[in-house]
């Protein structure tokens, strides 16, 4: 925890550091975990939990796997006890039988994780612990079950209602900014100067979700460019030589990068809320903003073309655009959802496919993955709920009429040749 | 939520208030709850949850009971599905079977509460909802089960690691201070002037736990007097005419009042952590402080005396002190724990009985409940873990030798007459 | 200084409190002042200044007068030295001669006040010192000169650019709010409940100027009501039974009370900036606000009527309104400025007379001073500069055509009888 | 001004930006200045001042010199008016004559600067304006006088009582940290990584003075290393490979760099207060700290040796140390103060010469200026006032007995050869 966080929100936490009773040092990690579950009260529990967390951090990978496996198996559900408690509750529903059932139905390792979390600052450590579990766990069923327990609790702890949206700017603390540099996953930030170019100009914004128990750790962040009109090239959007406009004059906010920061929060989605909240907020701060779009990669497009042996045909930008539209609207997985992962994300949020651009990302990565094509997903706050509903229920993809027409052209041309 | 909280921590939350789609208004509360559980994504979920919470607040008691009962029964565990999932997991443990089990083992009403909590600001509303449930629920088994679900989630959400300790002073926001006036349960605060006398002088301190999602609502608070020597009279301690000492000169911190603020958090204990954290912090801020004690009532003492028909014998202060010591050390419940609820709390925290005083609370309440006697429980940070352990395991009560001697005297005198 | 201020802005200040060297205690106040002026460096200066300020606070009125007189006379300008330095500079302008002149042209007591201000927290003490000087000084020329020195420095220190505008709300710290209660000069606040009614409802606002060196002390504050239409009665405006409207729905902001807080800052005007800044800010926060008016008393109106023996004629509200309009537009002091002090203030700020209302303040004070009449001064941000310019240059009073017509009517009627 | 500063302290300032009346745009800078002085009220004054400041920023050097010269001469003292006012006051001291004198004795350009400062955010601009004046002004007497006016006001505005000490850490805002990188004048900071090494480790501290009207601009900062024992080598002190100790274990705080940030505040000393305040604070935060020393360069030492043709003699470290001690104690300017500027600063603050080290700064700069020698000045808070007094009054230099002995040895050896 930082000095700042310490001062502002938890000034007293850090100070209460009784050295661990000697006895604790003689216990193994497994014994500590067992005692923590059994501990009658909170008093010794915090010391036990603190000792456990502190020692876990110093383990090597093999030792970590060992303790994970121990927790996963030794603290699994007692199936017969759970079954008996269920029978008792079903037979005679009451406060007593339900309390017994709730206790037995849940593996003790969930209670272990909750008790570890009593130590001030433990939440971040538990998130990192799950990241280690995911890294080391592979496909082991027992560890997958332990991971589900972590996930079950994290869904509750990182509930949307607990998250705080904060702007990230050049005035943000350096120890937070260095994490933005480290976590940017879409368009890498090379240096502090590069970071400043993303944050300081008047036509740039950045926002992140934070959890109050991890005040120095962004969970997810989005970078925004304020523009006149919808941007169709990431290089132009980020060009240092661009004309920097006044935020008040912008009519469009372009979400050009969204990055998750915590491997230990895998599977707990924040991006949906983040984009919509930022859009809602920006529209209030800057009433001139009328359009909220992404400028997104199409990471599966190049491979999809290759699989259709279409790579050589695409000299013409218009042909490429049409194929891109077709890819977004028609290329599906077995479950009926779009093949493209970015498309799944934004369409699942209720966005619509607004436009596609060729030559839009001429970086090596952009050419390799997407043949340089990028796509604007439009977030129309008045329609996201409805779009989302149709997508979730019927897998209907919302798209502009231009995109529909493009896709139809491509379909027609292809069908005369070979099917997709 | 206040303007302050809004500005500092969730500046953007309030702004994203799309009016509810017309369709929502036609749904009953039960339908809203059902849709919320079924909702595929977060998008419409927040609108559903917001509508549910908003409407719940406007219900009368009967309507609240009706919806509570509906949730309790219609969203109870599906016992046969839970049993089948348990069998499947036991038979073939895997990520898939465990995920299915976790889902089926838990009543759907827990997921409902979690989803309601996605709305910014909802946590406080859910705490108040549980307060209503406790007020209205009575002994109904189904509602008791629902209450256990609330409690189960609240234990997780109000985990010690998420709480923030903040000093409360005359410089605190008025809307927080008015809650201190309202919630003080031990020695009532009559007016703002009275409050100022508790907070402003240099020899007074007050601390409260807050949860980041309810930044304007203290959860529990403790009032502290800094003194020279251990105080033996609450009226003298609070006297306006007392000599106010410099905090730096004090050698003792007296915890003279501790009050829970949230009926909806009943059964989730914070007092233990609060006292120890405050003691640890004060000892750092003011190295001159050597002793941390309470000045506590003995709410069961008067009745205990009456039941022994001892009321007439107690003209002598020394006799009364000895009986008080005996009461604290020897009067037990059937489960072997102390009869006195305040003693149970402090001894359970690892405190020891340090001293008893007659004429210590001459208010009507003090005379009625405790015959004017008060007790100092001593928090010796070096010994609380050990005291707690012995109390939790063997019901051993830690006490000073003086108190032990007093109790022995009383026991001896009484045994010549009649046993306790 | 409060704990909060101490924590946030000057956490280290309070801690550096070396006890004064013994030698200081033997010096008289006059000697301390003399040494402080003479002190070669800052080191002993802060100790001297601290000792001076600390002792001054404990003086009785006679002792204060004595030290004021000593400073005023013993540290006055040395006229011959000033004259010689001026001659030297005029004869040979150079850095050296100018530096000498600047030093000699200024009385040493100004340097004394500046050096006293080196002590952290001294600014507030110096403001209170001047308040004492104004209270005790009477018409003594030497003390009036000393007061001008204070004022000269305060104008510089309390420069508009250094002031910070802060909203005051029910979430503000209690120790600031108690000052709002104490300083409200126009419509008294009776209790904390009364204060809450002024601050908490959604249709109320309050703003104050603060100086960073006195973070707990408002300098001036204004209370605002958000309304539909222009209010014409202070009692209705403040009625608890009024319909509380949403701030977003209001079209008018009524400045119904503006109070100076610091007697020691007499003659240093902040009100002008305050109103315009608040108006500008509110119009940004609430775009629905179109009109910014005061609801002001006319403290000289009743006396003016009496002097004209008009009191009996004014049964008719319309006659009274016409006379009020005439009073505002035509009753002048010898210097050509309006007789009414409140009118001088608002017209000097660039406001215009918008409307007058009878029965608008039926409190005893309102009836006694203004025969119940109140006036709306309109702040039209687009015109204040121009209005101010004309008023400052030509004493032209800006007024609505309705007010002009009313005043003309009154003038005509009166002129047939007797002149004003 | 930054977004942060804007939000926290002056949220409303930025919003009140009426576009300048057309008339202003037709005025020359000199006319704007003249109107600003003449302006009867504040209303149009702020617009005039804003326009002046805004336009000044866009001038080239020649244009800046022109306007500086105009202000310096056209707004100089009216000597005959000042003389007449002085005569009148001397003849008949009264409030009226004194007020007239105060007005006439001061050049109008001081009032101009005060009025420019009414614009929110203007203070920083005025500091930069003086930096330009110093850069361009040369030895011109009129501009030197104007500079004295700036200085006179800045001494008042940047009074010690108005400054705020803040820790600078790796958690500080990036836009402040980049200024630390830019302004470090003693031991250059090469990169953000280098900065992190100065701020992040537990045995490093940094503190800066800020003025509330320039919240993003450090005025002066000091870098501190916490050590065991007194450091004798800057390279070892900053070595990445050093053992990082716990702050609680340190017994010594080494002030190894102190840098002024604002060229426009030349001649207004903050360093004295800064070191003493930081020492006082650190001793409270870390009671284990017993010694507060600098590790300082001796920038005049190499030249002093050369002038004595001693350069060849100094192969022996002990000889070099003795000469360094002699240089510090005996090498004086014509005015009797030490020849070495760093010695003048620290001795003037009340520090004493504690120790000298050879090979202490082996950077090129360190070898060139100081032959690698560095010196520890000791700040003993119990003695600084007394040391300062003796130094200021008698030019007595406080030094440890070891240093005295060393200097005596050097003196003796040299005197047998040639005097210093």
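Letters A, B, C and D mark the chains in the order given here, with residues in each chain numbered from 1 onward.
The rule we apply is simple: a contact is a pair of C-beta atoms (placed from the backbone, for glycine too) under 8 Å apart; a residue touches a chain by one contact, two chains touch by 3 or more.
Please read all numbers here as calculations on a predicted model, not as lab measurements.
S.K.: What is the set of chains touching both subunit A and subunit D?
M.R.: Looking at subunit D and subunit A together, no chain touches each of them.
S.K.: Taking each chain's centre as the mean of its C-alpha atoms, give the chain farthest from subunit D.
M.R.: If we average the C-alpha coordinates per chain, B ends up farthest from subunit D.
S.K.: Counting in whole Å, what is the centre-to-centre distance of subunit A and subunit C, each centre being its mean C-alpha position?
M.R.: So the centre of subunit A lies 54 Å away from the centre of subunit C.
S.K.: Using mean CA coordinates as chain centres, what's the gap between subunit B and subunit C in Å?
M.R.: 48
S.K.: As a quick test, compute the distance in whole Å between the mean CA positions of subunit C and subunit D.
M.R.: 35
S.K.: Can you pull out the residues of subunit A that are in contact with at least two other chains?
M.R.: Residue numbers touching two or more other chains: none in subunit A.
S.K.: Spell out the residues on subunit C that touch subunit D in their complex, using ranges where they run on.
M.R.: Where subunit C meets subunit D, its residues are 9-13, 15-16, 18, 21, 40-44, 46-47, 77, 79, 82-83, 86, 89-90, 93-95, 98-99, 101-102, 105-106, 114, 117-123, 141-142, 144-145, 147-149, 152-153, 155-157, 159-162, 164-165, 212-213, 269, 272-273, 276-278, 280-281, 284, 348-350, 381-382, 384-385, 388-389, 392-393.
S.K.: Which residues of subunit A touch subunit D in the complex?
M.R.: 2-5, 167, 169-175, 177, 192, 196, 200, 216
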